[in-house]
């Protein structure tokens, strides 16, 4: 028996329907996240969250329990079909704090105001952040920047799924 | 691939150090919960939460990912050593809502005001509740009672771990 | 200019329509609370919350700003008509924590599982609690009891509005 | 008796000590906010929050109850000395959601990741936002921009306290 916990990676991004290319990229991202040894956490709804969770299910390393959905409502049924573990918080927008607080590292792809708030909160909580620019939106704008001067690092800009996941692994102590 | 999610059982109870007999009972409870097919969620700290999580680890059916800890702080390190998945909410007492909201059924054993609030919230959220009287405290007092008239059922009183888990299974649609 | 803040009293109780006698008692309670020098906080919806807020408006000492409503939703319009200050939390049931956390002292009258959870949380947070038995429900049952052994005091049982408010004043350091 | 509630303005910005010029500007801002007919809400701590609250106290129109502090902790004593009404949420960073949810309009001045998260959340919640560029930081960067395409308006850029408060009044239906 080992008490060491598996590292957790949060994928954050837009919740609305994705264009096919971005959807395929997010599926690839979710698969790579689990195959890299992470458990996946997300906000549990549609768009980037659903595509990444779908990809996680298709990973070679996937085992039941690897995909966590932290929902804004009390309705567990609102989770996408790929979530293994559902936390229906009933907290509305405040659930965004929990998504990033649960993670050892965050990958942001696409996304608007919700994603921007999650990036800002992840920064406040000291979580390393990788921005995958392919999805445009705030991650594309913030990659390579600091949000404020409380931290010495930057949001890491990545241009491919493989690079994003490799950088995420480097940012979690003990993974690489 | 099946998209059906495993049922989740929350064990709630006192967070302070347990007398040996109650500690042993909670270890037995955690083990029986996982062996009955449930994933275990708790508040992730000490006392009943830790003993039940320890028991879950020792279950024959245990697989990594079966034990979820929903913490009041942002400090993942405050989780007991047996948690697989840690949700550090930073919400203080409000995290109690999430513990019961995450569950399909709740078993309460021992416990004071924190447990009482969780029982009351579980009742509000329509979650079936089993009270294991062996731990005294509010579960012993409330077993067999209704909290108010919004529901037609009662808090189920159980006198043994085996009975508590069997009743919990009956209360989750599709489990038995 | 004085920086001393006025003491805050939370009235907690059932949110559904009240029988006329209980409604009148809650109006009387709200009026007495403000005339005793308190600001009133409640969950901001109907039933006990609305009747107490209505009473507060009719107090001789009432000034705009004396009535605070802490709502479960983001919809400020869901507040009753007597609230001066509305905090739309979007937190669902977790807003109950904030109602009691905002108070120097709590008066409970009538009420079911929601009120029971608030009493239990107030106990956890160390807030003095007065139970007005006239409304039956959990306040009537818990008056004169301790919730657990973490505190040395008891929930104070009161049999009239005047007694409840007088006892509440005694329980706030510096008021009497 | 009128049931119409006074409009609420949230001032958001950095919580650490301010340079004298920015401190003076925030005092002026808080004063102008109350004199324009608003109640002031903030996160209740130091920096911009404290200076604005201090200014609100000095407004000609100030009345006790006009200054609301929504705190991250349960410690009411952590509020700055100028708050009239303290909501100690215990929610940590999630209290940021409540600050903007409580407001009819938001003015941002100075600030880093916390302020950025509040701007993003205000945008999600549909709250009009005025950015006072004098304090630099994210408000200076975001004035005149949209956060995403869910809204048709922009964050309003203002270059003086007078302009910020005048624009805020225009953004609240029924005020001007």
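Structural remarks
First chain written, first letter: the chains are A, B, C and D, and each begins at residue 1.
The criterion applied here is as follows: a contact is a pair of C-beta atoms (placed from the backbone, for glycine too) under 8 Å apart; a residue touches a chain by one contact, two chains touch by 3 or more.
Everything numeric in this text was worked out from a predicted model, so none of it was measured.
Interface comparison, B-C against A-B: more C-beta pairs in contact at A-B. Chain centres were defined as the mean of their Cα atoms; on that basis the chain farthest from chain D turns out to be B. For the pair chain B and chain C, the distance between C-alpha centroids works out to 30 Å. Our note on geometry: chain B versus chain D, Cα centroid distance of 41 Å, whole angstroms. The distance from the centre of chain A to the centre of chain B, each centre being the mean of the chain's C-alpha atoms, comes to 28 Å.
Of all residues in chain C, those that touch two or more other chains are 74, 90-94, 97, 125.
Chain contact summary for the complex, chain A toward chain D: residues 91-94, 97, 112-114, 116-117, 120-121, 123-125, 137, 147-150. Of all residues in chain B, only 1, 3, 5-6, 8, 39, 57, 63-66, 68, 70, 74, 81-91, 97-98, 101-102, 125 touch chain A in the complex they form.
Those residues of chain B whose C-beta lies close enough to touch chain D in the complex are 74, 90-94.
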